[in-house]
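The data blocks that follow each hold one structure.
You will see chain A twice below: alongside chain B first, and alongside chain C after that.
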Partner chain A sequence: MMDVGRHPNINLYTYSEVIEVNGYIGNFNVKVRKKARFVDETVCNACGECEKVCPVAVADEFQQGFSSRKAIYMPFPQAVPSVYILNNDDCLGHNPIACGKCADVCEQECIDFDMKDEIIEINVGAVIVATGMDVYDPTEMDEYGYTKHENVITSMEFERLISAGGPTEGHLIRPTDREVPKKIAFIQCVGSRSHSTTGNPYCSNICCMNTIKDSLLIKDHHPETEISVFYIDIRAFGKGFEDLYIRSKNAGVQYIRGLPGEVFEDPKTKNLTLIVEDTVANTVKDYNFDMVVLSVGVIPRRDGGAIQKLLTLSRTEDGFFMESHPKLKPVDAPTGGVFFAGCAEFPKDVKDSVTQASAAVARAEVLLNSDMISIEAITSECFTDLCTSCGICINVCPFNAIRGSDAKTGTPAEVIEALCKGCGTCAAECNFDALSMKHFEDAQIITMIDAMLDENPMDKVTVFACNWCSYAGADLAGLSRLQYPTSQRIIRTMCSGRVDSAFVLHAFEKGAPIVLVSGCHFADCHYIDANRWTQKRVEKLWDKLERLGIRPERLQMEWISAAEGQKWARTMTEIDEMRKNVTKEEVEHTKKVLKEDREKAEAKRAKKQSKKIAPKTNSPGAEISVPA
Partner chain B sequence: MSENDLRVGVFVCECGSNIAGSLDCEAVAEYAKTLPNVACSIVNKYTCAEPGQQEIKKYIKEHNLNRVVVASCSPLMHEPTFRNCVEEAGLNPYLLEMANIREHCSWAHLNDWDGATAKAKDIVKVSVARVRLLEEQIESKVPMTKEVLVIGGGVAGIQSALDLADAGYKVNLVEKEASIGGLMATLDKTYPTMDCSI
Partner chain C sequence: MTEIVDFKCLRCGHEFTGPYDKKMPIERSCPKCNSNSVRKIKKPIKK
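Coming up: the complex of A and B.
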């Protein structure tokens, strides 16, 4: 930690948040809000005089509320930077009548009650997301009595009670009577591996070893303490882990396979009783303890949504950030130039966090070592002669990558390639074919539909799947060997936002019995919110189909993530059943109706175009509105 | 380029038994020969392996191919591999199309030999149709800013920042709290070394 504070190549911004990220791989422009800490960190020498005179006492977050701190305080003794912070919410205020004592005693004169937040702008080529984790709050698991029984504590609270830097200076006592507990229970998997309404289904990875470590720490302090660990499985899979587990058992720690149904408290002694079914011994027994430690799991950061949005990241079903590939690109984010380190990606211990951090650095250095880097060739382009300057594209682009397109001046749209991320929503929404998506052009997709449906169309389900979520979800279904009917045929687009209404109608006109448009869940869209346009488009199509007497159910829309292989397989099976219910007559009717509708629209458009172009040749704005 | 000048090569991968165990790769390759503009179509045991890639390069030269379809696994897995491969043989990497007959076909239809084979043919047919219309794309080059943002000053952020800084890059470490250290700093001792966390 100290090395970070004094490294000449590191600018450390604490009490700060990233509030804006613009740009792209190699060239991110980042705005950081450095919140006012009301203490000038360049001057404060951590003498601590301010803290002595501060009259406020509030619960100390670092000590898990077991002791108090002042309104002006050092976060913890080894804090980096080693400077004080004044919490404005706790402070009585710099009013001589109210207080201001800290400023009076500060010889360095570094307390500034008028300090303002500062916005700092930085340009970077790569970003490492190491936003960490939160800890599961066991309040909702009422059966363990965390909120009712004072001697039931969490493993994080235990850390402070056993730490030499903690409120008891490392003397392990229980909260109610401050006596050394003689019998301690640990309950594992609190909030993890749960398939009920509380907690999370995944294994939090670190809690087994953390409890083994804690049991050894207790035995170091008080070898006579009786310790029981209630568990589902002990996962001691890492290097040196099994040794620690054996050491703990040899020290006399009891490992009992089974979790208690409930924790009861004796109102007089405040001791705790656990009723546990031991699934190895096949017995149900009461166990009595002086203190119970809940081995709480790891959860994704509760404020993770902000970073997700700023960097257009995705999250897996469990809420942790999704990597580019679970096996081959485990530290790369799907957004170019962004990498993961630590628990932001999944729960991991210190060693794995350090390992992943170095891996993320190595991946970042692959970019940083080059002077020039290639950027995505798949961007949209505007054919200005077709552009009517209607401005729809500007409205739908999630990245503000299109400018111009002003109907008043007749300026056509212009795509800023470096900002375009290639979702293709503009190309799908443009009514005049003025915008085209490179590598996913209309003709390139229409030809796929034609090839797919020119033989036995009744046997096939036409599926449009976005590259990042649904296509990857289909990959996962295969990887998991989930079986489903052979009718599905996939057309991949980068985003479901690219799926033009014309593609769907074309498929139906070619005889498709069923069409599915599939994309990311709303919070997961790789292009911020481009899939909102997909939804709007599909809703419009449903209206249109209904108006034309075509069953709207034949057009299906599903949000399937990269983690939802099972949902993919299930959806394919269900849709195949729907396909079987579509009759040949129905399809023939659809083909006829859609053909007529298309021809009518084409005729109308041709007429409109000819009318529009005619007066333009005489108008003074003609040259600007239709540039060469 | 006129339509007559298009020369598509189709490379059907067996992926050991991952694909060949569930569908008839030879039949898929034979079928591909009947598709428009297909100049050659062959089966490889492992197309992604060195011999498989050499074969693609050899065929591109020998048959004067200007479009390539690799019928194998997901493009999310090996598109970069095959793009590099065709580029090394002088083709623009965007003139490659992958037909996913593994994740979306052989693995999803393990016990339906005929159904999976028919579907694989269709997938290849669609890919050949698409590759015929693909155009060369040029990836533009942009300068790389040699500075990094690390968000979060816990153990992972600290390690990342130190490694990068030691390697000579300028690092901006942004931490929400008043001190770095993260959750790690609140721990007493850490396993497996049983030493202090800070």
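Coming up: the complex of A and C.
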């Protein structure tokens, strides 16, 4: 951190917040709010005199509330820059000045009560998101008594207790009597690998090794301390991790497979009793300890939503940021020019975080050292003469790649090709055909449907499959030699978001008995949330089909990942059975009804268009302008 | 706002209830056949 602070080519903005990000890959404009710290950081020499005289004492967040800090304080001993900060909320008040003792004793005269937040604008080519993580709050898991028993602490609190820079200067004591605990229990997976109403379903990755490290540290300082670790599985998969685990066992740490059902406290001694089912010995036993450490899991940053909005990122169901591709682009965000490092993407230890950070920097370097970058050839384009400036495209674009559309001024939409990733949702949602997808134009897809259903349409299932997941799932089914009916005919689109309602209706009008729209699972969408629009569109189509007297069941929707070849095969088998139940009369009726509906809509549109170009009655000589 | 509504599977015909939020669409699947062709039945459940 010191190196970063001193590096001539790195501008470090501490106590600052990104409030706005505009632009695109290679050309971002970032607005940063540098919050007022009320201490001139260019002058402060961290003498600490101000802290000594400050009369306010509040719980120190960095020390997990085990000690107090003043209203003017150093956030933590190794803070860079090494300067003090005055917390406006804690200070007795400096407008008007209620105390001012810190300013009185400051020889450097660096305290400035009139300091204001500063907005800084910077232009950058790439953005690396390294916003870290939060730790799980175990207050909701009442069975472990974290809110009731003082000697039940979290692993993060334990970390401060044994830190040389911590509130006890590294001396291990238990909170109630400040004595060295003789028997310590660690409970693993608190808030992780939980499929109940509390906690998270994923493994937090770091807790097992953190406990093993802590147990060895205790054994080094207090060899007589008895340590027991209650676990589901010990996951020691990294380089040297298994050795560390064995060292811990050899040092006398007892590992018991099973998590406690409840933790009780002796009101006199404040000792703790754990009732645990040992799933290896198949016994239920009581264990007594002086102190219990809850090995709490990792959760995504609670303010991650703000970063997501700023950079138009996508998050997984767990709440961590989603990478562009889990194997091929593991450090890239779906938004071009944005990269991830550390726990922002998923829980990882220091080594993995450094590895990912190095990769992110390398990816950013490649970008910054390029005179030119290649962008996706499959992008949207706007036919401005057809655009009504309704703004729907702006709302649906997951990458904020469409701008300009303004109904008041009549400004047509403009596609920023550097931002567009080519999902085609805008083209599918535009009611006026003003947007088109290069290489996946309406006419091209309609032609494919026509060719597909030209002969024996009753024998075919029309399938729209997204490039990344469903199509790859079909590929896997084939590679795996899975058996399924051969009735399906696939039209590949980059994203299921490209599947226009008109394509589905056209297929039905051409005699398709069944149509399937398939795409990625919601968490896997390569275009952030484009497939949410697919679902909405299909839901609207079901309503429309029903209104027209067509069975909605004939339009199917399925989310199939690239790894789900079996799901593809099963879906195709099921849908083929449904196809066989569609009668010729039903299809003929559908064709007739849809033709009538289309002709009605076309007539309505033509009438509307003619009204638009008709001369006004009060200006008979007015020139008629006909759009090209 | 999340409401509890009726859903119908358009693959197997199974009917079930579940949460629905117009603004926050979630991936739905039929608890019986796992199909994603799950359609919301318009009438909300009265508690």
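The working rule: the second predicted complex is superposed on the first by the 394 of 628 C-alpha atoms of A that agree within 3 Å, B and C clash if a C-alpha of one lies under 4 Å from a C-alpha of the other, contacts with A are read in each partner's own complex, and residues count from 1 in each chain.
Just so it is clear, contacts are C-beta pairs under 8 Å (C-beta built on N, C-alpha and C of every residue); 3 or more make two chains touch, one makes a residue touch a chain.
Remember, predicted model here, so these are calculated numbers, not experimental data.
Novice: For A:558 in the superposed arrangement: first (chain B), second (chain C), both or neither?
Specialist: second
Novice: State whether A:328 touches chain B only (first), chain C only (second), both chains, or neither.
Specialist: The first partner, chain B, only.
Novice: Given the touch rule stated above, what does A:542 touch, chain B (first), chain C (second), both, or neither?
Specialist: Second partner only, chain C.
Novice: Touching A:129 in the superposition: chain B (first), chain C (second), both, neither?
Specialist: first
Novice: Given the touch rule stated above, what does A:364 touch, chain B (first), chain C (second), both, or neither?
Specialist: first
Novice: Contact-wise, after the overlay, does A:283 reach chain B, chain C, both or neither (first, second, both, neither)?
Specialist: neither
Novice: Check whether A:574 is in contact with chain B, with chain C, with both or with neither, and answer first, second, both or neither.
Specialist: second
Novice: Per the overlay, which chain contacts more chain A residues, chain B or chain C?
Specialist: Counting contacted residues of chain A, the larger count belongs to B.
Novice: So, A:532: does it touch chain B (first), chain C (second), both, or neither?
Specialist: In the superposition, A:532 contacts chain C only.
Novice: Can you give me the overlap between the chain B contact set and the chain C contact set on chain A?
Specialist: none
Novice: Which of the residues in chain B end up touching chain A in this complex?
Specialist: Within the complex, chain B contacts chain A at residues 74-77, 94, 100, 102-105, 107-112, 115-116, 118-119, 122-123, 125-126, 128-130, 132-135, 137-192, 194, 197-198.
Novice: With touch defined as at the start, can you tell me which chain A residues reach chain B in the complex?
Specialist: 1, 3-5, 7-18, 24, 26-28, 30, 32, 37, 62, 64, 75-76, 78-81, 85, 122-133, 135, 156, 159-160, 162-166, 170, 209-210, 212-213, 216-217, 238-241, 243-244, 307, 325, 328, 341-344, 349-351, 353-354, 356-358, 360-361, 364-365, 367-368, 370-378, 417-418, 438-439, 441, 443-444, 447-448, 450-452, 460, 467, 471-472, 474-475, 477-479, 481-484, 486, 488-492, 569
Novice: Once bound in the complex, which stretches of chain A touch chain C?
Specialist: These residues of chain A touch chain C: 521-523, 532, 535-536, 539, 542, 552-553, 555-559, 571, 574, 578.
Novice: Which of the residues in chain C end up touching chain A in this complex?
Specialist: 10-11, 25-27, 33, 35-37, 39-40
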